[in-house]
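Each of the two complexes below includes subunit A, the first together with subunit B, the second together with subunit C.
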Partner chain A sequence: MSRVAAYLPIAAVVALAAVVPLVVTSNTVINFLVFTLIVAVAAQGWNLLGGYGGQYSFGHAAFFGTGAYVTALLQTQAGWNPWATVLLGILAGAAVGAVIGFLSFRSGLRGSYFALITLAFAEVFRILANAAGITGGAAGVLIRLDVRPENFQFASRGTFFWVGLAVVAIGLVLTRAIERSRFGAHLVAVRENEDAARALGVDPLRVKLLAITLSAGLTAASGGLYAQYFLFLDAGIAYGAWISVEALVAPIIGGIGTVFGPLVGAVVLQGLGHLTGHLAGEIPGISLVVFGALLILAVAFAPDGATGMAGRLWRRWRRPATPTTTPTATGGERC
Partner chain B sequence: MLRVEHVTRRFGGLVAVNDVSLTVAPGRITGLIGPNGAGKTTLFAVIAGFVAPSAGRVLLDDIDVTAEPPHRRAVRGIARTFQVVQPFAGLTVRENIAVGAHLRHRARAEALCRAEAIAAEVGLSAALDEPAAGLTVAGRKRLELARALATEPRLLLLDEVLAGLNPSEIRDMIPVVRGLRDRGITILMVEHVMQAVMALSEHIYVLAEGRLIAEGAPETVARDARVIEAYLGHGAAARLDRARAGHG
Partner chain C sequence: MPFASAARAAGREFISNPVAPMFSPEIVATAVLNGLLTGAVYALVALGLTLVYGVLHIINFAHGALLTAAMFAVLVLKLWLGLDPYVAMVPLVPLFFIIGYALQRFVIGPASHGNDANILLVTLGLSILIENLLLAIFRSDTRTIDVPYAFMSIDLDFALLALPRVIAFGVSVVVAAALWALLALTDTGKAIRAVAKEKLGAALVGIDVAHVYAVTFGLGTACLAVAACLLMPTFYVSPRAGGAFVFVAFTIVVLGGMGSIPGALIGGLFIGVVESLSGLYFGESLGQIGIFAIFIAILLFRPTGLFGARA
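Up next is the complex of A and B:
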């Protein structure tokens, strides 16, 4: 696949999405879409580590919350510019990722043990944030309303949609670039078989540390966006299990270990969540029921997610006569 | 090229490898044989860095690599295959081999290219875009070999690459292994298929119950009374001699 062919779908999807605020005027819809983009970014972060690296985290809230709190608190407490604090939030989230990664991968934690330890870290952060004075405790942090672009606050929700879309685009490009790199090959090798990877000269600890650092940084960016959009945080939002769940369910529904999986999954999840919210009335927790049901369906019938299923249906539709799907493209550059 | 000095490995009370020393000369095929449970695979794991020895040293070109992890040894030029094949099941054959090729080639395109060339060398060209999970046993053995080759090793450790293959597949595989030696790759092979190891090896070490019991040229080792007893049981050598005398 040439470089252009590799990035063209990303450009197309982003360009198409960028038109949405121009045609959709409903604030409710834009609001919904912005939230979906924020979830998509967190999910993209999770997908780097979980989808490509096979390390299933249950505690990406630790990174989301760190990004959100650093973004918010450096503004409210130190008076720094939010564009700068979002960047610092990303760095802080990445650093938390590196530390958690070092502690757990160094001790050889894998599978459900890794999932549990990340969950535990996120819960500890939530409890600490709820108790600490600097985070505003249970009352939370309120970012002062001051609508100016240089203040990362926008008069129109459409503008925020574009900002969120830009971050999603960065996530898509980053994921594709990793897919096409040596690091990406090593990451996938570690996911598939760690011993075999070691025999081929791959240092699994190094690979997993880099993956969790990037993954955490991206999810922290999602937290920063959240803080700037809603201008309010408390421990339950920032470090709550809800975001850990969304970040991992979206890629699984959309297509784990694929570039577009997290975005597609986030759209499907949020869309269906809203729809059932409308149909079933405001039954508390109904969206979680939908998530659970979708997760079961995905695991049972489409382990490669919505994007994988769409691909299979597309191939079947294209060539209904030939049951054997022989790969037509060789997939490799000419040597 | 490779020197193993007084290596011992204990697992609890079991001594899997007991004070084994051996040398592998550059540019040759050295065989390591022995009955089941002799400690061959453990010794391999020690050489490749997957298992730390309880005592003893492993030297590559006179450099002590005993404390180095497997990936560092791979960089030095040691590659291994696994007795129980370990494919990256979710990846295609091409992607599998490319992981090995990435050791010496950073660029993705280059690694994929190398993978294609190596697949041709071991006879996997037709399966390049198939998922590794779909390969036959023979195909998986070839894939193990291809991945190890892709790291451009100087010393290749082959752990039973012929086991589980049928006679015609073995016949196909033997020239492949010999071709690698001719290209200058030093080979140490653990093998159960006696006919193949006798045909390929220039020097053989025999391991039984963790100890080295014999070494030498294939013909010498095959006649060694201790080796026959290790394989066929106590008194077997004498019975064989009597049988031969009877026929003669």
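Up next is the complex of A and C:
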């Protein structure tokens, strides 16, 4: 695939999405879409490590929360410019990712053990943030409303949509670039068979460390966006299990280890979550019931997610007579 | 546990003191004993987890949610039928065995295509599903049940022990012994051990591996029903209640060695005491950190646990 052809779909999708705020005027809809984009960024982060690297983190909240808290606290406590604090939040999140990755991967933790330790780290962060004085403790942090673009606050929600979309676009390009790079090939090799990859001269520790650092940085960006959009944080939001779950379920629903999987998954998840909220009334937890069921169904029946399923249907439609083009059993082995 | 909370209240007053708090030997002894009593229930929860791990080699992330479900079942039986939590064991233990059996046989097994990473995701999905279904039905309120013996206690001269916790300790020990006997002495136990050691070989000599997997999962879930009945007289339940226990159970399982039954028992008692003492000295929210710190430290430095042989 030539360079242009590889990035053309991304440009097309982003351009199409950028039109949305010009057409849609409903604040509720834009609100929903902005939240979906924020989740999509967190999911893109998870997908770099989980989808391409095969390391399933159950605690991406640790990175989301760090990005969010650093963004908010440097603003409220030190008075720094939010554009700068979002960047610092990303760096801080990436650093936390590198440290957690170094500790876990050096000890050879994989599979369930890696999932457990990431979950434990996220919980420790949550308890500490809830108890510490600087984070505002259980009362949380409130960012002062001061609507100026240089202050990362916009009069129109549509503008924030474009900012979120820009970050999603960066995530898409980054994922595609990794996919096409030597590092990406090494990462996939580690996912498929770590020992074989090592025998071929790949250093699995280095590859996984770079992956978790990039993954954490991207998810921290999502946290920074969250803080800037909602202007409020507490430990349960920043380090809560909800974002770990959404960051993991979205890529699996959308298509794990693919460029568009996390975005598609986030749209599907949030869409269905809202739909059930509408149909069932505002029953607490009902959308998460749907997420849990979707996760099980996706693993059972669509291991390559919505994008994979769409691709399968597309191929079947184009060549209806050739049964060899329906690879249903291969997806399950991969993850 | 009126006495324990009094001790904790005393602990909080001491927190403002920069010098490490000093407690009388009686208070410390009571904390240790209470820790052992709680630890026995932790051990029971961990036993279910470690049994499933030892045989199926999977971490059951739905363990905590299933415990919460069992606790709500105890609550519902008490509110609707007036059934005493201890009597509730009679219907609930077989019921949860069946639930566990069916989950493994018809959901987790088929959905995960025999792939470890998929099992992890399916049990995570189950835990999200169950926990939030309970949240949707019962809302997030914290509930307790009233039993006449909740505040009865046994006076040991130097310490007062709450009666329900002493009963919980006794029953946990009996259940652990029964489980051990089942694994060691019965044909089912032999089949379970055979599958745990070498599932291909077990299948070759005619053992139905899928059935044994499901029985094991059922036993693990039945342990949760027992734990729920023992907990409810003194503990509260909310849709997130099981989560608090399951992390403790994970810690115990990695501490005792994944798949090791004696490890789960000793680990459970140990963690119970650690939690009780750190609650006494540091207050409750930081006491929680202690559990996670132990958990992370063991995973990083000794992932085989103190009693486990497997990596």
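The definition used in the following text is that the second predicted complex is superposed on the first by the 325 of 335 C-alpha atoms of A that agree within 3 Å, B and C clash if a C-alpha of one lies under 4 Å from a C-alpha of the other, contacts with A are read in each partner's own complex, and residues count from 1 in each chain.
Just so we're on the same page, a contact is a pair of C-beta atoms (placed from the backbone, for glycine too) under 8 Å apart; a residue touches a chain by one contact, two chains touch by 3 or more.
Computed from a predicted structure; not experimentally measured.
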Is A:252 touching anything from subunit B or subunit C once the two structures are fitted on A? First, second, both or neither. second
Quick one: classify A:286 as touching subunit B (first), subunit C (second), both or neither. second
Between subunit B and subunit C, whom does A:300 touch in the aligned arrangement: first, second, both, or neither? second
Look at A:133 in the shared chain and tell me whether it touches subunit B only, subunit C only, both, or neither; answer first, second, both or neither. neither
Determine, for the superposed model, which of the two partners subunit B and subunit C contacts more residues of subunit A. C
So in the superposed three-chain picture, is A:182 touching just subunit B, just subunit C, both, or none of them (first/second/both/neither)? first
Looking at A:197 after the superposition, I want to know if it touches subunit B, subunit C, both of them or none. Which is it: first, second, both, neither? first
Quick one: classify A:116 as touching subunit B (first), subunit C (second), both or neither. second
List the residues of subunit A that touch subunit B in one complex and subunit C in the other. 332-333, 335
Seen from subunit A, its contact residues with subunit C in the complex are 54, 56, 58, 103-104, 107-109, 111-113, 115-117, 120-121, 123-124, 127-128, 130-131, 245, 248, 252, 283-286, 288-289, 291-296, 299-300, 303, 332-333, 335
Listed in rising order, the residues of subunit B that touch subunit A in the complex are 48, 50, 69-71, 74-75, 79-80, 82, 86-92, 94-95, 98-100, 102-103, 106-109, 111-113, 116-117, 128-129, 147-148, 150-151
Subunit C residues touching subunit A in their complex are 58-59, 107, 110-113, 115-118, 120-122, 124-136, 139-140, 239, 247, 250, 254, 285-286, 288-289, 292-293, 295-296, 299-301, 303
Subunit B partner contacts - residues on subunit A that touch it in the complex: 180-182, 184-186, 188-189, 191-193, 195-204, 327, 330-333, 335
